[in-house]
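Letters A, B and C mark the chains in the order given here, with residues in each chain numbered from 1 onward.
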Amino acid sequence: MEFINIIDYIGTFAFAISGIRLAAAKNFDWFGAYVVGFVTAVGGGTLRDVMLDVTPFWMEQASYVVITGLALVFVLIFRKYVVRLDNTFFIFDAVGIALFTVVGVEKSIAAGYPVWVNVIMGTITGAAGGMFRDIFINEVPLIFRKDIYAMACLAGGLVYYFCLWLNLPTIAVQVSAAIAVFLIRVLSVHFKISLPSLKSIDQDRQA
Amino acid sequence: MEFINIIDYIGTFAFAISGIRLAAAKNFDWFGAYVVGFVTAVGGGTLRDVMLDVTPFWMEQASYVVITGLALVFVLIFRKYVVRLDNTFFIFDAVGIALFTVVGVEKSIAAGYPVWVNVIMGTITGAAGGMFRDIFINEVPLIFRKDIYAMACLAGGLVYYFCLWLNLPTIAVQVSAAIAVFLIRVLSVHFKISLPSLKSIDQDRQA
Amino acid sequence: MEFINIIDYIGTFAFAISGIRLAAAKNFDWFGAYVVGFVTAVGGGTLRDVMLDVTPFWMEQASYVVITGLALVFVLIFRKYVVRLDNTFFIFDAVGIALFTVVGVEKSIAAGYPVWVNVIMGTITGAAGGMFRDIFINEVPLIFRKDIYAMACLAGGLVYYFCLWLNLPTIAVQVSAAIAVFLIRVLSVHFKISLPSLKSIDQDRQA
């Protein structure tokens, strides 16, 4: 198993844990929690693959189904310790979105799309899973209201192209972009930096 | 019209009725109720077909559009009797998910996927429509909190493969799997069996 | 730039504004507001293209990404005036759904589908963006409860085919269908015409 797979699986595990925990907070049953965990982990990449018109990645190897199962077992067994591991999961999660972003950008490049589509696909891969999770548990998506999250993915996509433009070797491009996502995510949370919110300008709604 | 079509249409009708009733409880207008009924009936199969990269099944014959219309008319006319028919609709609905599951498994097999993908596709076909319905009407999906529902579809997929492994003839495989889904669904509701819910382990949310 | 592009962009701008305003009312941050605006503007066409199995239209030119950005800047700068412009946006929005409906019908025709699929695809193109918007901001979709909206798109699709049947030249068919959508939308709001709502028939829910 290569290093990149290990990171991919760690990210998947962290994403699934985040979905399962939120499902638990809504009293979902085990099966429902599994589904939410799975959607959190693979939802972004699935949306990307459907739009790129390629087979959703998780349908090509059973790992993601298995890892989500392990995440469920982990939450069931280590229930009491999960909260204490918050910081660890936060780091795993940040590693996950960093890797997912780079994978998303590259998969879009491979499908022959222009730069701006690739950056968007990277962002969707990293951030849309958390969005689906929040829709499933019937909450306003957190990634739109708190912290720098999707923005970190977007920035990572731009760093990817900046490094390409510098003619760095592929591995350096990938690592730089991933580190950018990771650092922006971790530092923004650490220093409580967030985007300004749009003040409500009116009450009425247009259909 | 073959027997399997009749069952398919009955299942579609029951699914559409369930969507329309819930939309009515939220004061949707007729058109909105039709859309929710339609999404409940065809949503699962559409998600499956998009992921399998084949044309969504309802775009190939107008029956599903028509049956949803009939379901709307039925609810409008027999409003008062619909509640009394609850048990009948419950049985129709159970027949529907049983058949939808088998159809989903077989469509995925035809697309050349491995066993575990086929079982998941069967489950999505049977259960995802109800999930979309609940997202549309802005409720936490019920199938994640109540009864054995998606789990019955999953079990049916496994029975399908168990019967294949026993070398049963195709029709026996299909019927056995469908009966398994139907019985698990009906008996679990009758005996009030449900999956354990995941207790909330923490309040905080990770984005 | 052709006239049809200008209308397309105006419609996109109006849709994006509507998403951004509703996101603001929920205290989304700038990025979240952008995403909701974008989904409102391109969501319907994306769902259509995924089901027709063609590349989502916004991935083929950067205009939609840019226009949504302009809409965000517009809301940020002209915050105070946006409410006063309500009627203007309403007209833009009505022009948008009129054009989107015709584009949707024709894209579906080009993909070789039968009449009823084409009419549904036109309706999805015009109306599904607003539905996604409401799901994202965690509201019951308004288009199912208020005004004539999706219904106007549906009627426009039928007018399209009626004009085809009259053997009108293409441009006359397109313009007639678009005007039908626009007029039905505007007049129904002006005269406060809406579809009857389905009275709640029962409280219980079927999963």
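Everything below uses one rule, namely that a residue touches a chain if its C-beta (ideal position, glycine included) is under 8 Å from a C-beta of that chain, and two chains touch if they have at least 3 such contacts.
Predicted model, so just to flag it, every value in this text is computed and none were measured.
If you draw each protein chain as a dot and join the dots that touch, every dot ends up joined to every other dot. On superposing C-alpha atoms, the copy subunit A sits rotated by 120° relative to subunit B, to the nearest 5. Averaging C-alpha coordinates per chain places the centre of subunit B 29 Å away from that of subunit C. Multi-chain contact residues of subunit A, defined as those touching 2 or more other chains: 50, 53, 135, 138, 143, 146. Taken in their complex, subunit B has these residues touching subunit A: 50-51, 53, 113-114, 116-117, 120, 131, 135, 138-141, 143-145, 150-151, 154, 194-207.
Taken together, the subunit B residues at the contact with subunit C in this complex read 18, 20-33, 35-36, 46, 50, 53, 55-56, 59, 62, 65, 75-76, 79-80, 82-83, 86, 89-90, 93, 130, 135-138, 142-143, 146-147, 149.
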